[in-house]
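Working notes, beginning with the structure itself.
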């Protein structure tokens, strides 16, 4: 009579509308200008990073402030694949994910030794060390950085087909390709997280976040779960980093390992949107983009405002904007929480 | 001096007290007995502000104190010996005592010296970390720590818990001297005999409610039995 | 001989890092809060001292003295109005709030003071040095180190020999029971953060007198402070000094080999200690 379910009506709407959205997004470059495609690329990559960070901190309790390490190493590995190995840039992107995965092993080894809040700064230290080491890599431009060679950017796999399909110039075709890849990545990451949360592992993850001791006592292998989440998140972050710098085609340690761009902004997106939900980062990235567009001319005031908004949200609406919406009308577009359904119990409290 | 009116308390969804009324007069010794989980400690935590209340649920000298913080309530002269003693592990015995008196400095019978006279063993162990003591000695520190503020009302939550009978006797021997100092005492106890021997009045609690109020000298065994277990003896 | 010189420079540099770290360690010890804005608050204090010197014409020492109550009040307010609201079992809210503050502070400073490097002028003291026979040491590094030692002695005295220190330790052990002793934990936290900001001002004074600073260098100071605290083992200020010295020595040796390796060498020393002694060099017996 009673059933454990994650089903909601809004969830069903999402299940139907998500494919429509994705198809529309795929077709968009046919009508949208290059500027719009670039903006959407930015939004999608930030959303990917936000979903990943949310998985780490919001679901896994792993508050990393060092995600820029994986963005940077992913981007640099892609550049290394192209410049040093002569690979096609698109094919070099997985190299970025692999490099980040490899870097995540020693990172986790060190950072997991630090308790609670010190974990956060521990990841930051590793990111700094990685940045400083990469800045010594003279073949990729050392501290000043380098660009993708002209031959490589002009022969990216798939751009020829896009050029003939939409009648675009080479640089614009590259943007479209990057946009599609970003779309694929964000769908894969969001879908993957959604699947993970609805699987048995999702429950285990919640147990880990809320109370490691209790989780251990009910037989969840918290150590392995934390490792798995951290490594997967690193690999996905590395892929995103590679993709972002494929689109810019220019890299430097300062840009690739920027704590502001790849961690601070990402954290603000998640906090403002709503930590611990899949909807939160989606809403957050839209707010973030709107703020960024509105305040773009005000230089550092913009980042200051963003930081303060995040503080205010944490103080007065710790579940973020999505939390406010969900508590008003119980909306769950990505229902991952288990709820008991069945006839109403009479006389309950 | 202290009254509760329809005092309720919740832990999240769970209601632990359902409208408790008790009174304690100045200088009086009141025992509160009841089985495990009856809500005795919860009552103590509510009176001392560890659990928040509505203002009017607890009155001290006629003034509502239910919504005050535990620090404010303590400064009004209501000190507690918490369940499980809860000494500060990084403080020595002497520092544990001093910390009990540092926020409320009023004239009264209790000082470091008189507490050491009450429990002489503590003077010998004054430099040890509080948690390096035996259970009985720790209980003495916890009582001494509460006395250091010269309270009008001393709340003692199960001061005999887990202690050997001889130690319990020593600790109970201190209670008359504490009363001579002028403090009223609320004794939460499982050990009914011990409690009745020193108390003027007794409250019995069961499942978050007061089931019996009586003068300690007049109460009959059967009365307590039915109030304690909810069945007639 | 050159190596001895480098070693001594490194040890003295460790004094500066201990100054960075002491405030962080104090706050963590009492309320288990890691303030990610710590480095940016050091930079803020440095600008405050600088303004006292340039706008009011004070000597750096007097300017720091003036900045001390301002920073104490700022720390007190920050704790009372913001951080006390988010302290709790969940470590996420305080981390995210202080991270937001860090970014806001850094960019606010950038907007007000620009990205130009500044320095607190100290006149003749700046280049002065003392010949100790085997090595020559700068007066300024020597004073930094001496200040670090005095500060640690002072903080330990406060901690272990005053009623306030007792309240700090009691609250750190068990805030609920401290409340039953008439101690208001939130007030204690506010005072603790205020005191941490006093230490921060001292750190800022030496930071600003010894080297150039600009609004962007706060996070790196946070990291050095953090490394010193972790190397030392949580809970011991002398351990923190030892941690600072290890990073300082590693940095000066790294720089002697190749100027680009200075910072990296410090971080690597930290990672090496983490590898060999995960709980730091002087861990507290009870945690």
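Labels for the chains are A, B and C, by order of writing; each one numbers its residues from 1.
Here, contacts are C-beta pairs under 8 Å (C-beta built on N, C-alpha and C of every residue); 3 or more make two chains touch, one makes a residue touch a chain.
These numbers were taken from a predicted model, which means no experiment stands behind them.
J.: By mean C-alpha coordinates, which chain is most distant from subunit B?
T.: That would be chain A.
J.: Looking only at C-beta pair counts, which chain-chain interface has the most contacts?
T.: Going pair by pair, the biggest contact count turns up for A-C.
J.: Of the chains shown, whose Cα mean is nearest the mean of all protein Cα atoms?
T.: Looking at where each chain's C-alpha mean falls, the closest to the middle is C.
J.: Quick check: how many Å separate the C-alpha centres of subunit B and subunit C?
T.: Centres of subunit B and subunit C (C-alpha means) sit 43 Å apart.
J.: For subunit A and subunit B, what's the span in angstrom between their mean Cα positions?
T.: A distance of 54 Å separates the two centres.
J.: Measuring centre to centre with CA averages, how many angstrom lie between subunit A and subunit C?
T.: 33
J.: Within the complex, which stretch of subunit C touches subunit A?
T.: 28, 32-34, 36, 82, 85-86, 91-97, 99-108, 110-111, 219-220, 222-223, 226-227, 230, 260, 263-264, 267-268, 270-271, 274-275, 278
J.: In their shared complex, at which residues does subunit A touch subunit C?
T.: 57, 61, 63, 65, 110, 113-114, 116-118, 120-121, 124-125, 128-129, 132-133, 135-136, 143, 259-260, 264, 267-268, 271, 275, 299-311, 314-315, 318
J.: Please output the residues of subunit C touching subunit B within their complex, sorted ascending.
T.: Of all residues in subunit C, those touching subunit B are 163, 166-167, 169-170, 172-174, 176-184, 286.
J.: Which part of subunit B faces subunit C closely enough to touch in the complex?
T.: Subunit B reaches subunit C through residues 48-50, 69-71, 74-75, 79-80, 82, 86, 88-91, 95, 98-100, 102-104, 145, 149.
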